[in-house]
């Protein structure tokens, strides 16, 4: 992978020049919150450590969209949402999040909607400083080695720019004059210092590597009941988590006597009561404890069995969002402290 | 029709809410006219007791869906007086935009969809679409536009929570405001064309009689839909705080409905009342429309209320354009905070169908007493008087073929809102 | 952008015609369905134990086991219980009406561990629908397998599915059929009464090391049947069972059927008893 | 591809009725400008007096009923509608739960409140305390909300036109609220009823930064006691929460808050 240098002054011009590779998207403040949205002016772009409320996943696994239109002739897929895009300012945990979603949506058979959006979108990553609740140091997702086209590390007066794909390289070639391939020892030292400094800024940590075993051992722990009593089943944790991918499918008729309408996909949450209800009224996860257990098993253990790594990417959104303080940190701590026999 | 008969129009169609008209005839003379309210009482005045202003503001729009924001607005004006909330001018600007949205929504619904089918001879507006497709489509656009403003300012089309004590939850952004302004400009042409459609109509005269008018007077020298002074067609002006002396509420023993009189006689409120009392303050296209349509019979014929509404549509569209210009100049307003927790206040606005009064007494942040007088409660007596007059005229001239429709048209012209009135009246079942 | 169109859409429902349908019992109906495209009808290759997603436009989509056997290609058979919106609408369909199918999905029964072994098929109630596929598959390829025992129990004779068919195969000498009802409400039931577990008494001695069991039924039935199978000393990984979960996609994307790290739709619906010991939520 | 075209279905006969309420739900149907012409085309509207004269009151496939039952006459009328309708849909909070006028449901204060407004007037027929329509007749489907939402209503009507059972929504307001990327108001210590309120409104109020007041009625899986506890921890008194949750909870909220009442005592 090639690493180049770019003076900070060029940032605006370079990023805005990427428009020719697709419609620009990035974190932007709208109605008082940060959200990934189309970027028209460079000034709209928010490139700090702050998290958007809803993660990057919404641009690949849209919150709600039409899968098919149907009529007497059958079902016709609707791919109209797929367009060329360039996403600016994705944090490492966001990129890791998308990589985890790739595991789900691109494995055989690939989801055409996801893969369509994914293949038509370039990702320009940006380094960030840890947010208040960032856990990415613990989850090992504070740096990212793949999944981007370009990645910018901000070292004040210049950026180190990782080229992650041939498309990324094409982008650089467009503005070759901005980049310098002579990275000095001093620059390298600056980068090392930056990383060391950054590591000291994390306020929270948890024993991520131990969690799979702890979860397995805590299946019958009363810690689950404690959290279950508090959980509001609002589903916010799943919506804000970059690696939650559950969805529901609904058919909607048009207002006509003819057969015509649409089949829609919309995010769903395993925190909702009907999530696992099956015919005959049997509910495999009727209790809140069961539902929480499924989620944490999935985040901290099970995903690893299936795809090689757990799915929590340490963004800290569940920490910020849950109104009753149920999140990877509190759950891991409770399970670790109360339930694992001390050795 | 026999010489003695009873006409029962029930349900009264194309009005908001569940009502009817009963007319008793004896010896070819009308002995009794009742506009009936067939809905149960909802006792809103008691529902708000002990509630916080926030809860009041959430609840009162539910008195009536069609003018939900007028209720919210009247309530805001009353509560803000009671609690001494000084709102920034920009908030006022946005409240006016909101109120114009409701006028457009309500007037276009009434004019094109509830009233016009009578004049064109249809059961409903959709049936009208075959021959008058253009009008129906445009009218839908105009109504949708009113709704869009209500959604933008109210938070949703009906019963939005966005207008709050001292301001708004969220103010629309520039882009949206400019879009709205553009749309208003486009729709103005249709609103003006409507005047020509109305100018062609022949308006029946059998019910004509003299009556009185009331509306509130804006605090500036233009036309508007709010104010702290009530003016009446006898040339008098009254402080809104004296509303209970001006508007004499009474309980009619035979119907248990609260009714209102001014100086012991029925009176009228609504677009027609506003036009007759404030019409000379109009400007621009609205003024032209007024000059084109106005004639002396307006003072004696409620059917002209439909005409007055058409003029107000133009006024509101022009005002939206102008007010947005002002809004774009202003800073985002802060939400103003109450300066006290106890007090009394009377808030008055012109709802689409007439003057609406909300009066509050707040003690320690909770509602101790509330009184609401709705336009429909004000003009029920007036409707009955016109039906009586019209009925007698028709009976004596023997034109009784479609007498029910004639009665309905009179009632409908007021754009009565039965839900509104039913928040405190009940039904007589015989 | 055409990127998406390069990938086949696994959610694309394909039109199929209801060729024949009749009531099995009250609120349970048998459907024979064939893709309108003949080529597709023949290229739709599946294994016993797999399922398909059936769509009705505007109503929705749901998973149903394929009850026919791949050894008789061209026609798909399903046994469907009326439980809600989609199944209700399906029951209003007439012969020749169009439905939409995609699939096949799921892992299906592992045939390998059955070849040249004795097979016990144990079905409870509606569970016989997916098992009917493996039953006929074994009968159609009879020379590949050793002894075949078929145990089926329903609540009462009125709820006994495929009654005519199953009493016909009872006369064959290459299969031992044991049927039971929990209670005989009709008075004309000629077979056993009692729970399906009672039928185990009637099975002759078997060699557990050369036997494979296949089970499907309601959640309560599993526990008891497995107890019996373990009593016979059949190895835990030689007990195959098919499970049900809520599903929206059938291809491991929607997440509804996930438990622990497995997706019922991809890794199941057939699991061995050994598998279920790891995944506590499985039954 | 040889696909048989489906037969055109017979237009369902529909009646839309208003009882005691604000007429907001009927109005919302009228306000669905982009669909109203389609609607009149796809169904046979037999009775919709708010929009059309000359109703024909006969057999119906579907009756949409708005408003609470608040007089003896309304009780009789709703039974009469039930008798001739295949399907009855309760439309809007008043019909579903009783509406705001039912906020004191079953607390015995009704007679007193009537007296407050009317003084000692003697009624010929006493009005009855507002109830949801399912206290008088069986209801097939519910369209909650004050007022109902357009997408939810049109989706239901679309299904009924095709004789298909409508989907029921069992998710809380929070789902839509998060999809709309609002900041959780509970995190700002606001009195928001979203987590215990049925979804369907599109999180209309939080979209404007304002707490949900619960106008869709209780979500059956809501964790009521925890929400009470959480709000209490913000310094909001128990009675305050109780009063607010009843503003739009009508008769339907009662069974969910029973336990909470007991715990407090």
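Letters are used for the chains, namely A, B, C and D, taken in the order the chains are written, and counting of residues starts over at 1 for each.
The criterion applied here is as follows: a residue touches a chain if its C-beta (ideal position, glycine included) is under 8 Å from a C-beta of that chain, and two chains touch if they have at least 3 such contacts.
Computed from a predicted model, the values in this text were never measured in an experiment.
When the C-beta contacts at C-D and at A-C are tallied, the pair with the greater total is A-C.
At the centre of the protein atoms shown, by the Cα-centroid criterion, sits D. Centre-to-centre separation of subunit C and subunit D, using mean CA positions: 42 Å. The geometric centre of subunit A is 38 Å away from that of subunit C, both derived from CA atoms.
Centre to centre, using the average C-alpha position, subunit B and subunit C are separated by 65 Å.
Centre-to-centre, using mean CA coordinates, subunit A is 51 Å away from subunit B. Annotation for subunit B: residues touching 2 or more other chains are 170.
Looking at subunit D, residues 1, 3, 6, 158-159, 162, 164, 167, 209 sit in touch with two or more other chains. Contact of a single residue of subunit A with at least two other chains is seen at positions 31, 74, 250, 252-253, 259, 261.
Across the whole structure, chains are in contact as follows: A-C, A-D, B-D, C-D.
Against subunit A, the residues of subunit C that register as touching in their complex are 1, 3-5, 7-15, 55, 57-61, 81, 83-84, 100, 218-219, 244-246, 248-249, 251-256, 258-262, 280-281. Within the complex formed with subunit C, the residues of subunit D that make contact are 1-4, 6, 158-159, 162-165, 167. By the touch criterion stated above, subunit A contacts subunit C in their complex at residues 67-68, 70-71, 74-75, 77, 79, 82-84, 104-105, 107, 109-113, 115-117, 119-120, 219, 244-253, 259, 261, 263, 268, 270, 275-280, 282, 284-285, 290, 294, 297-298, 301-306. Here subunit B touches subunit D in the complex through residues 11-18, 38-47, 50-51, 55, 58-59, 61-66, 68, 105, 109, 113-114, 117, 123-127, 129, 140-141, 143-144, 147, 155-162, 164, 168-170, 251, 256, 408, 418-419, 422, 424, 426-430, going by the rule given at the top.
Taken together, the subunit D residues at the contact with subunit A in this complex read 1, 3, 5-6, 8-11, 35, 38-39, 41-42, 154-155, 157-159, 161-162, 164, 167, 170-172, 174-175, 178-179, 181-184, 186-187, 194-196, 209, 220-223, 226-227, 230.
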